[in-house]
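Right, one structure below, let's go through it.
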Amino acid sequence: MEAFSDGVIAILITIMVLELRQPHGAEFSDLRSVYPSLLAYVLSFVNLGIYWNNHHHLLKTVHRVSAAMLWANLGLLFSLSLFPFATSWMSKNGFGKDTVLSYGVVMLMAAISFTILQSVIVASQAPDDGLRRALGRDLKGKLSAATYVVSIPLALVWRWGSIGLFVAVALVWFIPDRRVQSYVESSLNSDGQQV
Amino acid sequence: MEAFSDGVIAILITIMVLELRQPHGAEFSDLRSVYPSLLAYVLSFVNLGIYWNNHHHLLKTVHRVSAAMLWANLGLLFSLSLFPFATSWMSKNGFGKDTVLSYGVVMLMAAISFTILQSVIVASQAPDDGLRRALGRDLKGKLSAATYVVSIPLALVWRWGSIGLFVAVALVWFIPDRRVQSYVESSLNSDGQQV
Amino acid sequence: MEAFSDGVIAILITIMVLELRQPHGAEFSDLRSVYPSLLAYVLSFVNLGIYWNNHHHLLKTVHRVSAAMLWANLGLLFSLSLFPFATSWMSKNGFGKDTVLSYGVVMLMAAISFTILQSVIVASQAPDDGLRRALGRDLKGKLSAATYVVSIPLALVWRWGSIGLFVAVALVWFIPDRRVQSYVESSLNSDGQQV
Amino acid sequence: MEAFSDGVIAILITIMVLELRQPHGAEFSDLRSVYPSLLAYVLSFVNLGIYWNNHHHLLKTVHRVSAAMLWANLGLLFSLSLFPFATSWMSKNGFGKDTVLSYGVVMLMAAISFTILQSVIVASQAPDDGLRRALGRDLKGKLSAATYVVSIPLALVWRWGSIGLFVAVALVWFIPDRRVQSYVESSLNSDGQQV
């Protein structure tokens, strides 16, 4: 399951480069038309990088794959697969308000499906399992989802505010989820395993 | 063999996103032209997800890869590789009857090549092996193939009926093949192995 | 090295599907323009499948990766990476004689770089190693390369003859290299290993 | 981390083939328009091959993945992901001076992010660890970065000089980093491990 997911995320993160259309001329000034695409690409690259990172740590805690996990995982991959489309639509239309709102919806879908996958995995473990304790009330996850919910209507009145929220959440998550990570480290207690 | 197959399916499932052409404007109303593509994308994503899932469980029962298996596997991958083309042709032409029929043909080809791969694997195992018993008469597989056979002529007279059959079969398979899964679980008897 | 190569070949084999351009209409008769592409796609799919298959068996015999092997391997991947371009050029120009000749050149390049990789691997092994004996004089490899050499000038006078030679060589290789395969099996003597 | 990185680099190295646009006719003379693309493709293929190779050896020395490493690694992947764009822009505009300069900037970014990843990994190891000694003052890495720095302004006055520098650095690195490789070999002391 991990290899397949890693493959899908690796492909998603790289096919966004294909959307970076070539400028029409060979001068630096021609690159100006590419800047919005490039900025949106950086934002989506970082977001997919965060998901890959947290997903990677989360799957390390799975001892037994169930059917529910496989489908929750495919749900997450489906949400993530909409990133290239949303990124491209937003950046090629000058960050129009409807496109920013759609990007927020895709971000929210991804956050919700990650939470579902996380819940399915926690539910499959013993009640006293470390991952459950490590996640606690998952404040960071809940706050992120709430921020995306706010960013959606905000896009209609102040789209740059929404984009600011996307960047802010990305910065917060840039540091990987230490709760899960430290749980993985303590439960594995082996060196090479985590690579 | 599994890593290569996983790679191919992961790529197929994601390159379909590239076929989601951008709408011409930046308004929500411009997204309307994308809806058929999006619906067809969801259908094909779920179908490829089902194949990945069942393929993943099936390969877990293989102890020894033979030349016949490698080619049966490549045959399955070839059938699956026609999904992006068939999906795109169908969705960009308003689900025209010939395009729906072609989608049904690709679905049938995939079902047949999966059955061939399954037979080759079963044939390579001892007569009293659990997989053979677990599959039994493979009613679900045979019914699916029969449904696809029906969907092909049906497309000419009532294309939405065919699409309904595709969705129905997908829903039935959404639950992974418990017969194979439980055989894998009982024969491995190890926890982390299945990830 | 194997995972990376498998990844590259998996991507090459699937991106060729992207080259299957959509027909302009939604009728079966519109598919006629796709037939040449589809036939060329099948030929290249089978050829890449054969290379993946033989490459997979060849790498199983490697105990220690050297710098020379890494570069010989990249050379093979480079040759294989020209398949989508050559396939697409040939099929979109009605199998014109220059395009068929170019396809033959790419086939020859691939055959030569596979032979180089094989020689580098054999050279790294003890003189009495089984792989060397198993390959023997590698008649099949030499005959294939010779056939490609013949197919190149032949394309200028009788292009369908060249295409017939491509198909003939593919049919011969369709059966994986039993010499290497049986060596792998006898030297591993373990069941699950080969998957 | 290694599987994901290998996946991303494998995809980058192959999607560059998609940028090799088809010539407009079916004659050899029509291929002339493809030559610049093909040459630039070879250069970038070799460069990405070098990074994959060195990255592969570098990660073999990692015993414990930290958050800093994950992000340094993503930084490297981001820099490498700009290769297809830079390659395509340069080759489709007749190696115009601004495009050559941009290619140099991407090369420099990749060199810097590789050095950062290397430093993060070295910093995570014991002071007397072999990798640190093996790298020594990393003269080759520093010289390469310095060469890229020189190539950037040089592109404005003599773009073929810059391209010559790119080729020269690639040739120097064509031989993988024996310092790291020999450290890996001595510390593993196991045969099959390195494949």
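When the chains are written out, they are named A, B, C and D in that same order, and each has its own residue count from 1.
Quick note on the criterion: a contact is a pair of C-beta atoms (placed from the backbone, for glycine too) under 8 Å apart; a residue touches a chain by one contact, two chains touch by 3 or more.
Computed from a prediction, not measured in an experiment: that's the story for all the values here.
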- prompt: Based on the averaged CA atom positions, which chain is farthest from chain C?
  reply: A
- prompt: Degrees of rotation, nearest 5, to put the Cα trace of chain B on chain C?
  reply: 90
Task: Since chain A and chain B are copies that touch, just let me know if over half of their interface numbering is common to both, same, or not, different.
output: different
- prompt: Quick one: chain C and chain D, Cα centre-to-centre, how many Å?
  reply: 26
Message: Counting only Cα atoms for the centres, state how far chain A is from chain C in Å.
response: 37
- line: The positions of chain D in contact with two or more other chains are 3, 7, 11, 15, 18
Message: Tell me the shape of the graph of touching chains, choosing from line, ring, star, complete and other.
response: ring
For the chain D and chain C complex, residues of the former touching the latter: 3, 6-7, 9-11, 13-15, 17-18, 20, 22-23, 25-28, 31, 42, 45-46, 49, 52-53, 56, 174-176, 178, 181, 191-192, 194-195
- request: Sort out for me which residues of chain D touch chain A in the complex.
  value: 1-4, 7-8, 11-12, 15, 18, 59, 62-65, 67, 70-71, 74, 77-78, 81-82, 84-85, 88-89, 92-94, 96, 98-99, 102
